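There are structures below to look over.
One chain, chain A, appears in both complexes that follow, with chain B as partner in the first and chain C in the second.
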Partner chain A sequence: MSAVRPSHLAGIALLVVLAVLPALPGMRALLFPLTLTNIMATLAIAWNLLFGYAGLLSLGHSFFFGAAGYASAILSKSYGIPVPVAMVIGAAVSSGIAALVGLPSLKLRGHYFVLVTLVLPAVAYQLTNALDVLGGHDGIFGVPPLVRDSYAVYLGSLFLMLASLVASAFVIRSRLGVEMISVREDEEAAKALGVDTPRVKLYALMISAFLSGLAGAYWAHLNGVISPSVYELEKASMPLLMSVLGGKGTLLGPVIGAYVIQTLFESLKIEAIATARLFVFAAATFAIYRIFPQGLMGVLRRVIG
Partner chain B sequence: MAEPLVVFFYGLVTSLIFALYSVGFSLVFGVARVIDAAYGIWYTTAAYLVYALVTRLLLPLPVTVVVVVASMVALGISYYAVLVRGLQEKVEMIMTTFLVALMAQYLIVAIFTNFPWSIPALFPGSTQVLGVSLFNQQVAAAITAFLLLLVLWYLVYRTKMGLAIRAVAQDKEAALLMGINPDRVMAFTLALSCSLAGIAALLQAPNSVISPTMGWPMLTLAFAVVVLGGMGDFFGAIIASFIIGFSYQLITNLVNPLYSMAAALAMILLVLWLRPRGLFGRSLE
Partner chain C sequence: MSEVLVTRDLRKSFGGIAAVNGVDLTVREGELTAIIGPNGAGKTTLFNLITGFERPDSGKVYFMGRDVTGEKPYNLARMGLIRTFQIVRPLRNLTVLQNVLIGCRVRGLGPEAAEESLRAVGLWEKRDVLASLLTHGELKKLELARALAMRPKLLLLDEPLGGLTFSEAEEVTGAIREANANGTTVVLVEHRLRETFRIVRRVVVMNQGRIIYDGLPENVAKTEEVVKAYMGGRGWVLGT
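Moving on to the complex of A and B:
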């Protein structure tokens, strides 16, 4: 780790380009889409930490994303709590709900957890629609922004993505990370070797929910509004499509997937393709999942190596 | 406030349709050991098929029924042969079937758009039963679902194919040694489950609007039924369908329809926490 590797230099160079690019004249139109991309990449990183490393499949990460967004929006708008503090509390709320939901389902075999995550956003969608406290069908308007300057918001999103990446790397290299991978590879064997598997899965879920929550809160303050549509299937499927496309179980895979999908998403806004583009993404992800389980990262590695 | 008799009747109809639908999910889980995350989309697919046949092609009812069931059987068999057969590991299975569901859903959006189309009642009009006015569509749905559940019971517990299904559910290798072809049994089970999803759509979707996401709540309810009744337990699934069907109608009519899903989730979590093998403890896992 001590020696500076060429890949590290390339990464730093790429970061500098990303930081400076939208500030160049004529590039301001890129600010909002790229901010969105960084947020979605953060969500994909969080999802991938859970699935790619602990082997826990979540089909409802939009729930952790949206719940923190709601909590942060309400705390900052109605209670006047400073936005950064509200975002952290919001993410903690997501993490807490994750623990509540995870406790009964994580002691069982993996597939019970998957089905529970599938139900979560659907329930949240109905509840936020029903409860006036949460803004009802229209959602919550006038959520205060983190900062007024959109370039600063963009830099913040880049920092958020980088921080999640570093946090992921840190978790993966810790004892917890090793235990997570052992659960993914063979839960029974991990148990036999004395790994407290329900606890490992619970921690992985809580960390993932916390990072998703930060992304969701950032998203709510970016848009200034959050409504039940955040819980729709499209948001829930995005981190999955991005991670699988980019390469699940790799650090950078979700980021690459997020950038590829969001770029295509923005450029395919032509009417004829717009209705079919979600189908195209799903089909492409399906094909990649079946044919190249390692995703674009796997393809890249094979080309370079 | 709705009349108790009306709530009772709709609870009955809902329960019977849930039972028909969930038994398919439960059988596929118990026999083929497949958790079909696409099980909701088969319901949606069948509903759009009914819509296309009835309102666009103007086919008569018997032809519609035959075409829908035949297509769902063909779909189930090809689904098994092309995809499900090669899946071994549970999480991979759910991921693959979920991606299939996403593709199918977005394909439906691309073809039919998100517009909430409506299907006219296949059995129009209403009947007076005990002084309560009931839609004929619902009465027909209740009778059909009841009869089909009887047929299903006969199929699973009184025929040779049913014996083979239960044998494979208990022990695939042992069944193979007894001369049963597990591949055929599993293909049959998937065809059966897909056609049950199709029939549920045929009974439920007319007289209401359809949407590309309509299958996900159904999948949630099937999951709740299976958790409550125990995975792969035929009678458990039917009893659980009645518990969930009646609670669903009670909450919808007395509290607020928007709380029904939250109640289902609370029920799932509570049972998973306290009685993970299902209320009757006969689950396979």
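Moving on to the complex of A and C:
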């Protein structure tokens, strides 16, 4: 029998604390912000899989987040499809769009893919604002919840984050993951090593979009509403900031980054400087990146030795 | 011996300048061939055209009897047409062993192929070291090990001795000779002629995108056009 590592034990202990903490008396107020944190952590995990491991920079992951949210909301509200099924279909829709977008743009050299991802949320914002079938400016209200009990919703978000983490770990350790890393390191060298780089990049994008979609769908059902504001800059920037702060190209970095940023957002009531908060976080994140390129994970590793 | 590589009237221009200007080259199974020539002769472009990193303007490339003109580099690599680069391209944040294993996995080979190739170039002891921590000479060896581990049918080496010390060059030429002795067909582009001519049996000289000599190493220096290409006709001593 293999020995249980101290880090595994610490991880399990942390999970138990996370699962139990909001259920304790006087801690119910943490349920919603922590649920949001888990959703944003899932989005950051998805973004990091693409950038941290395949080296593909996306500035528009809010598109995949929002598209799945809209699809899941419509399917569950208008067609009565059970919420979990609608969420998976919504995520598959995001993944499918990612394939359609990725097929032409990932073959281009240079920064075209980045530009395409930058444009996607802007287009989606205009479209959802303009189309009545998508609720127009006000969005879609009355999106059915996954479950009624808020603690169960919280546990569901924790499970979603964990499942995304496990899925990421599985991908990274698979042959696809190794090929993604080779593309990140040097695409030309990867080609010479026989790596089908367009296919690898496409799969990475589709998986990342699927996980982002799950997060977005969960978010829509949590709030009971989804509107064009989902495509605004903040949602697109957050996974980037969270991953860089936590440590891009590491499994746990995005989760740590998400918890730090969301905690500062929600608990310390930085809304007082709401208009500037994105700027403040971006500046702080990149300052940390300059000092610790491996993010908080790098700091942790140094401390632990 | 069967033909492993054939190019027919291969041409490629950049901005009106012909980098490769009608190259007909045939490489047979088991050969160890050097392509030499002054800077800008078109040697690396020829490699790029053969391995799919550039599309030819016209002409054909045949690998193992199959027309592979314009085929994607990764498809050619999977078929066993493997190349290295003049400027080393390590996967810097991976270990030496991980660098080599990627190609093995793609070709459906086990880790023993990686070990064998790393031992052949003398890098096995450094298998757990990050590629970013290697010296230039070690990176050149890593590049060769990655290629050898993929068990190539045809191995194209772009300046494998560039920047190496004499002892490193000795190790690398030994590994190349061994791979060739084990049945790998090798074509290498090289400027270090002394070491190169010791191991090859055929030399192709390129100048201004064309092949101007194709024959035995010992006759290269006796060919007037080759001497002109290198030294502007002022004489040339190879010292082989």
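The definition used in the following text is that the second predicted complex is superposed on the first by the 295 of 305 C-alpha atoms of A that agree within 3 Å, B and C clash if a C-alpha of one lies under 4 Å from a C-alpha of the other, contacts with A are read in each partner's own complex, and residues count from 1 in each chain.
Here is the rule we go by: a contact is a pair of C-beta atoms (placed from the backbone, for glycine too) under 8 Å apart; a residue touches a chain by one contact, two chains touch by 3 or more.
Because the structure is predicted, anything quoted here is derived from the model rather than measured.
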Should chain B and chain C be called a clash or a fit once both complexes are overlaid on chain A? fit
Contact-wise, after the overlay, does A:148 reach chain B, chain C, both or neither (first, second, both, neither)? neither
Quick one: name whichever of chain B and chain C touches more residues of chain A. B
Considering only C-alpha centres, what angle arises at chain A between the directions to chain B and chain C, nearest 10 degrees? 70
Applying the document's definition of touch, where does A:104 land relative to chain B and chain C: first, second, both, or neither? first
Is A:5 touching anything from chain B or chain C once the two structures are fitted on A? First, second, both or neither. neither
Which of chain B and chain C A:181 touches, first, second, both or neither: second
Can A:194 be said to touch chain B (first), chain C (second), both, or neither? second
For A:114, using the defined touch cut-off, is the partner it touches chain B, chain C, both, or neither? Pick first, second, both or neither. first
What's the minimum Cα gap, in whole angstrom, linking chain B and chain C in the superposed view? 10
Mind sorting out which residues of chain A both chain B and chain C touch, each in its own complex? none
What does chain A use to touch chain C in their complex? 175, 178-179, 181-182, 185-186, 188-197
Within their complex, chain B touches chain A through residues 35, 37, 90-91, 94-96, 98-100, 102-103, 105-107, 109-110, 113, 213, 216-217, 219-220, 223, 227, 256, 258-262, 264-265, 268-270, 272-273, 276, 285
Touch list for chain C against partner chain A, complex: 51, 53, 72-75, 77-78, 82-85, 89-94, 98, 101-103, 105-107, 146, 150
Using the touch rule from the top, collect the residues of chain A that touch chain B in their complex. 55, 57, 59, 101, 103-105, 107-112, 114-116, 118-120, 122-123, 126-127, 129-130, 232-233, 237, 240, 244, 275-276, 278-279, 282-283, 285-286, 289-290
